[in-house]
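Two complexes, one shared chain (chain A), two partners (chain B, chain C).
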Partner chain A sequence: MNATARADGVAKRFGPKVALGGVDIDLAPGITGLLGPNGAGKTTLLRILATVLPADEGTVELLGLDPGTPDGRLAVRRRLGYLPQEPGFHRSFSAFEFVDYVAILKEWGERGARHDEVRRVLSLVGLESVMGTAIKKLSGGMRRRVAIAQALLGDPDLLILDEPTAGLDPEQRLRFRELLSAVAARSTVLLSTHQTDDVAALCNRVVVLLGGTVHFTGTPPDLAALANGRVWMDAERDPSAQLAWITGEGMVRHIGLPPSGAQLVAPTVEDGYLTLTGATAGVLA
Partner chain B sequence: MGAVTVLMTMMTGGSGVGFGLVGTFLIGGVVWMIAGWVERRRPSRERGWSPVPTVAFHLAAGHTAAPPRAVAMALGRVEARELMSSASMGVGLGFSLMVLVLFGHVWASDYRGGLGGSMELYPIYVHPLAGLVVLAAHRARTRSTRDHTQELFDTCPTSHATRTAGHLLTAWTPATVAIVFLTLMTILVAANTLSGFDAVGARQVAAGLGAVLLCVGATSLGVMLARWTPWTLVPVAAVIAIGFGATRLATAGNRMTEPIRQLSTWLNDPEEHVRFIAPHWVAHHLWILSLVGLVAVLALIRDERRPRVMLMGAAFAVLALASAVGATRPIDTADAERIATLINDPETHQRCVDAGGLPVCTYGTDTELARHIADAVTPVVLAAPPRALAGWSVRQDTDLDVAGLDPEVRHLLAPKRDDRRYIPMDKIVGHRAATEGARLWVALTAAGVTEDITAGAALSLDHQARGVVALWLATRGLDGKAAAAMTSTDAATHDSSNYTQAFGRPWPDTCYAGPAPVTWAFTDVDAARLLLTAPEGAVSDLLLSDWDRFTDPATSTDELLHAVGLDPVTPRSGSTVGGGEC
Partner chain C sequence: MTTWHAPADALVQFARSPETIDEVTASSVEQHLVACAACRAVVAEATDVAERRRSWAEVVDAIDQPHANLPERLLVRLGMPSDMARVVGATPGLRIAWLATAALLAAAAIATSRDAGSDTAFLVLAPLVPLGAVALTFLPAEEPGGEAAMATPFAGAGLVLRRSVAVLAPTFAILALAGLAQPDLTAGGARWVLPGLALSVGSLALATYVRVTSATTALAVGWVVLVGLVSLQDGRHGPVADTVVFGVVGQLTAAALVLAATGALYLRRDRFSTMEVTW
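Let's turn to the complex of A and B:
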């Protein structure tokens, strides 16, 4: 694989708490989904890859550059788009003014070209009609799209998005998928999310982080395959199943060790993820 | 200290170095270029994660990264807009408007320093605005922390130092506000005082520019505090501390000449003494400039210690030291001699205008005032016989608080001559009380009273006809209401807002007309009021026909009334007294 971003043995501690305990990850052009439960270290890993935080241990290489050096970090930042998990806004700014401000910080000095670029990215996220509206007057979903727009400035080579679809309505999520798939044609995208259907729909690779270490790297079908033979449907809840829930059709979907004769179904990425996290936690045998 | 001495010598073009400011700039330029060369050769250093952009770079979209200077300027434009629309700036503009109305309009004519003296107060006029600019600039630079955009901004290639530079560049906004504010103030003060633009010299212009510089410094201070101490209350505490400290310095010691006052951000009111002091104003403004520069450098080096910036910091530190020493040094000998001759020999330095044959003389920059006073006293002069004022002139007084002068000036003062026939025009403002004081002085002189006045005590004119003649003369050319006010002893019915004669005495407010040189018996003031009821032509003919008699101290008030054909006034006890201390 031709990696555009690589982390080898990356560790990070916050006081006594180990956030990352030696993470190895390679990112190639396309979209890589980063899955993991809360507290798994996803955001910490993303912040390290986005040059927000230095790693305590291990090496990081981004776009062939060493972000540990000032010049390397500068070069990376010039080709980086980043959406933090909880992006703040200057609430008195309009959407246009805020993205324009970020564009200035991304060294778009010439006003005309910069404004064209700001309008372009705001149009990409469907905010062209409200770009003059103060951010404090926008809905949560619209603010999220403003945050996505700023990450797209300048068509970055490396795009790191921390839960980008949180707060988006279904239509906007679909539009976001369309947009991201277009971006991924030429960029490397790392997408942290709890939405496994986004991963299944978008990502060509997926990494599962559990307890600060990588527990899975592969394609979404590979992740789904972890649950092969462990997902079945039944009319009644099977008490031997580790996880079970009633689906929209009124059937009970089970994950675990199926009883003989069970009606096995094809697992999804979510099933694979739950199988993996359940096994790690000792819930699933 | 050696560097300070060299710098001061070079700044003043001393013979030891010989090329003054040009040499300073030449050496500075060479050092600047060397620092730039060193900076380009050494690897970029930074604090934490902030990068130092050094080379042009092609972004993914084929866009060329703007250099830090262009980024800072673009940020500066955005932040300037935000600074102007901040609540703190709004409050600052409100304070400025209040200062404009009060000092430019309501109280402008009361101010004894005229336009020149008023301009020297411009630095203090902008202090409310500057204080709020500190708060606004601090809030602007800490906005990213407050709004939680810091993490996002930290992943952008623009360094903290460039962002700080962008915020520092917003200083043009409050500076522009200050320029507009002070321009309006100048127009208003010029319109409301009598000393015109000829009273404005380099020192006054520098004071105006110094006020603008304070607003630039306020921006730098706010940004610097934001970088080092990003807590909300810090700028508030800093503004209060600086306000107290500056006030303490500005009011220390002698009002006119205390050297330590030059280290304050504002200088105390010179009032009418503006021409008798010679502060080292260039050094004072360099001191302020160096502080502003130091603060800006402190803001920048929080994130990036580049050789050029460090060099600038060192240069500002040396300049601060040198200018502090320069500003607090004793008065220059040449200035002391110049001021002493202004006081010793006013005839040489004053210009006169004619008031019906009586010269009215002021120092060169106050000719507009001289014309105003001449217009006011001409009817008084014309009502007296020409010989009564022969050899006299009205002169801007030099009866200063000598103790307030620089010791070097005091040393050179000659004993005051008593052979001069001057009518002192004590205050140099166009305030109505001062004008009426001038009328009374001329009238008293025409009535032969002035030569009997001794310094330090008011001369009693009780029951003397000449006192009544003087009051009648002083009212020449006034309308009935003003004439009645000058001869009223009824404090209760007087309009206290018109404090020319607010307390039932002829002598106007001593703050503007100086101490009363005479007192009248209440009976005499009543007599003067009675005299005003007689036909003016008849009274004038009578007085001119026998001037020596009616201005003789031995001639009583009753004799004068009898000669005019008026009954004596009802006697009552008491005399008018002056207004006491101003």
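Let's turn to the complex of A and C:
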């Protein structure tokens, strides 16, 4: 694989808590999905790859540069787009003012060109009609799209997105998928999400992080295949299943070790992920 | 439908240089255009599309132009480039609220000094005001770009120092004016300046080791305790301005601390480029 970003043995501690315990990850052009439960270390890893947090151990190489040096970090930041989990934008700014502010920080000095770029990215996320509206008056989904817009400034070569679809409605999520797949044609994208269907729909590769270490790297079909022979449907709940829930058709979908004669079905990425994480939430209704 | 059409040359003139037509003719052409599709087509053909697009873009840009707050406008007037002024002007410490607070603090110190008949309150409080101002520039909730701003080329020591200078300059100016109003401070009225600089630059340097709040609190408490102890020892027989803290030794020590903190800041400037320096 021709990696454009790489982390080798990256570790990070916060006091006694180990957030990352030696993570190896390679990112290639296209979209890599990052899955993991809350507290798995996804946000810490993303912050390290976005150059906003230094690793305690290990090496990081982004776009062929070392972000551990001032010059390398500056060069990476000039080609980077980053959507943090909590954008924390100034709510008295309008959508335009916020993205314009970030554009200035991204060295868009010439006002006319900068404003054109701000309008372009806000249009990309479908916010052209509310550019002048104060962020505090926008819905949660619109605010998320404002945050996505700033990450797209300047067509970055490396785009790091922490839960970009949180708060987006189904139509907005589909539009986001369309947008992101176009961006990924020319960039390397790392997408952290809890939405396994986004991973299945968008990603070339997927990495699963558990307890601060990488537990799976492969394609979405590879992840789904982890649940081969472990997903079955039945009219009744099987208490021995690792997980079971009633589907819209009124059948119970099970994950775990199937009983003999069970009606096996093709697993999804979500099934593979749940199998890997060993989720034992019990029977879900 | 009308059968009369405006003269072609008038339509072309209307399209290309409307400012050269007298008002009556312009109104007449305008009214006619509303009812006549053929003349509208002539105007459309004569219009310089590129010029109209440029004009429209200028109008849109003027509408979208972010609102500049007072500090930002002042910085531009002082010669700072508008984009830099926007970034620096967003500093919370520069906001009117902070400046008003600083002014109130200074006024309170003056009032207290007058009541007590001494310079103690002003000299003790004045160095703490710039210390607080610097701390406020780190307030995470007030960073307009949030965490995303940290991943930009602009983030780092350069931005922190620009914001610190921008917030310290008006703060020192306010305090200097307040110092002039002190009844008991004359030639020694500026003796708070070096301690104020030492505390504010020191807090920046210390923030590369510990949290900003910890650094600020430690220095503020340390300053008050120092002045208190020295006053107890030396100041029983005179005003606090005559103690060693505000004497030659104290001033030289403060100057040395400013230099030492500046050096530490330079050596550890890279820490400001990441989230290692936290509120």
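The definition used in the following text is that the second predicted complex is superposed on the first by the 278 of 285 C-alpha atoms of A that agree within 3 Å, B and C clash if a C-alpha of one lies under 4 Å from a C-alpha of the other, contacts with A are read in each partner's own complex, and residues count from 1 in each chain.
Everything that follows uses one rule, which is that a contact is a pair of C-beta atoms (placed from the backbone, for glycine too) under 8 Å apart; a residue touches a chain by one contact, two chains touch by 3 or more.
In this text, all values refer to a predicted model and were calculated from it rather than measured experimentally.
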Clash or fit, chain B versus chain C on superposed chain A: clash
First, second, both or neither for A:A50, with chain B first and chain C second: both
Chain B versus chain C as contact partner of A:F89, first or second or both or neither: both
First (chain B), second (chain C), both or neither touched by A:V10: neither
Contacts of A:E97 with chain B and chain C, given as first, second, both or neither: both
First, second, both or neither for A:G132, with chain B first and chain C second: second
Partner chain(s) touched by A:E117 [first = chain B, second = chain C, both, neither]: first
Partner chain(s) touched by A:G154 [first = chain B, second = chain C, both, neither]: first
Partner chain(s) touched by A:K106 [first = chain B, second = chain C, both, neither]: both
Clash with chain B (superposed arrangement) - responsible stretch of chain C out of 5-13, 41-49 or 185-193: 185-193
On chain A, the residue positions that both chain B and chain C contact, one per complex: 47, 50-52, 54, 70, 73-74, 77-78, 80, 82, 84, 86-90, 97, 100-102, 104-109, 111, 114, 147, 150
Chain B residues within the chain A interface of the complex: 43-46, 49, 51-54, 57, 59-61, 63, 65-67, 70-71, 73-75, 78, 82, 85, 143-144, 147-158, 163
Sites on chain A touched by chain B in the complex: 47, 50-52, 54, 70-71, 73-75, 77-80, 82, 84, 86-92, 97, 100-102, 104-111, 113-114, 117, 147, 150, 154-157, 187
Chain A to chain C touching residues, read off their complex: 47, 50-54, 70, 73-74, 77-78, 80, 82-84, 86-90, 93-94, 96-98, 100-102, 104-109, 111-112, 114-115, 118-119, 131-132, 147, 150-151
Complex contacts: residues of chain C adjacent to chain A: 60-61, 63-67, 81-83, 86-87, 90, 140-155, 270, 273-276
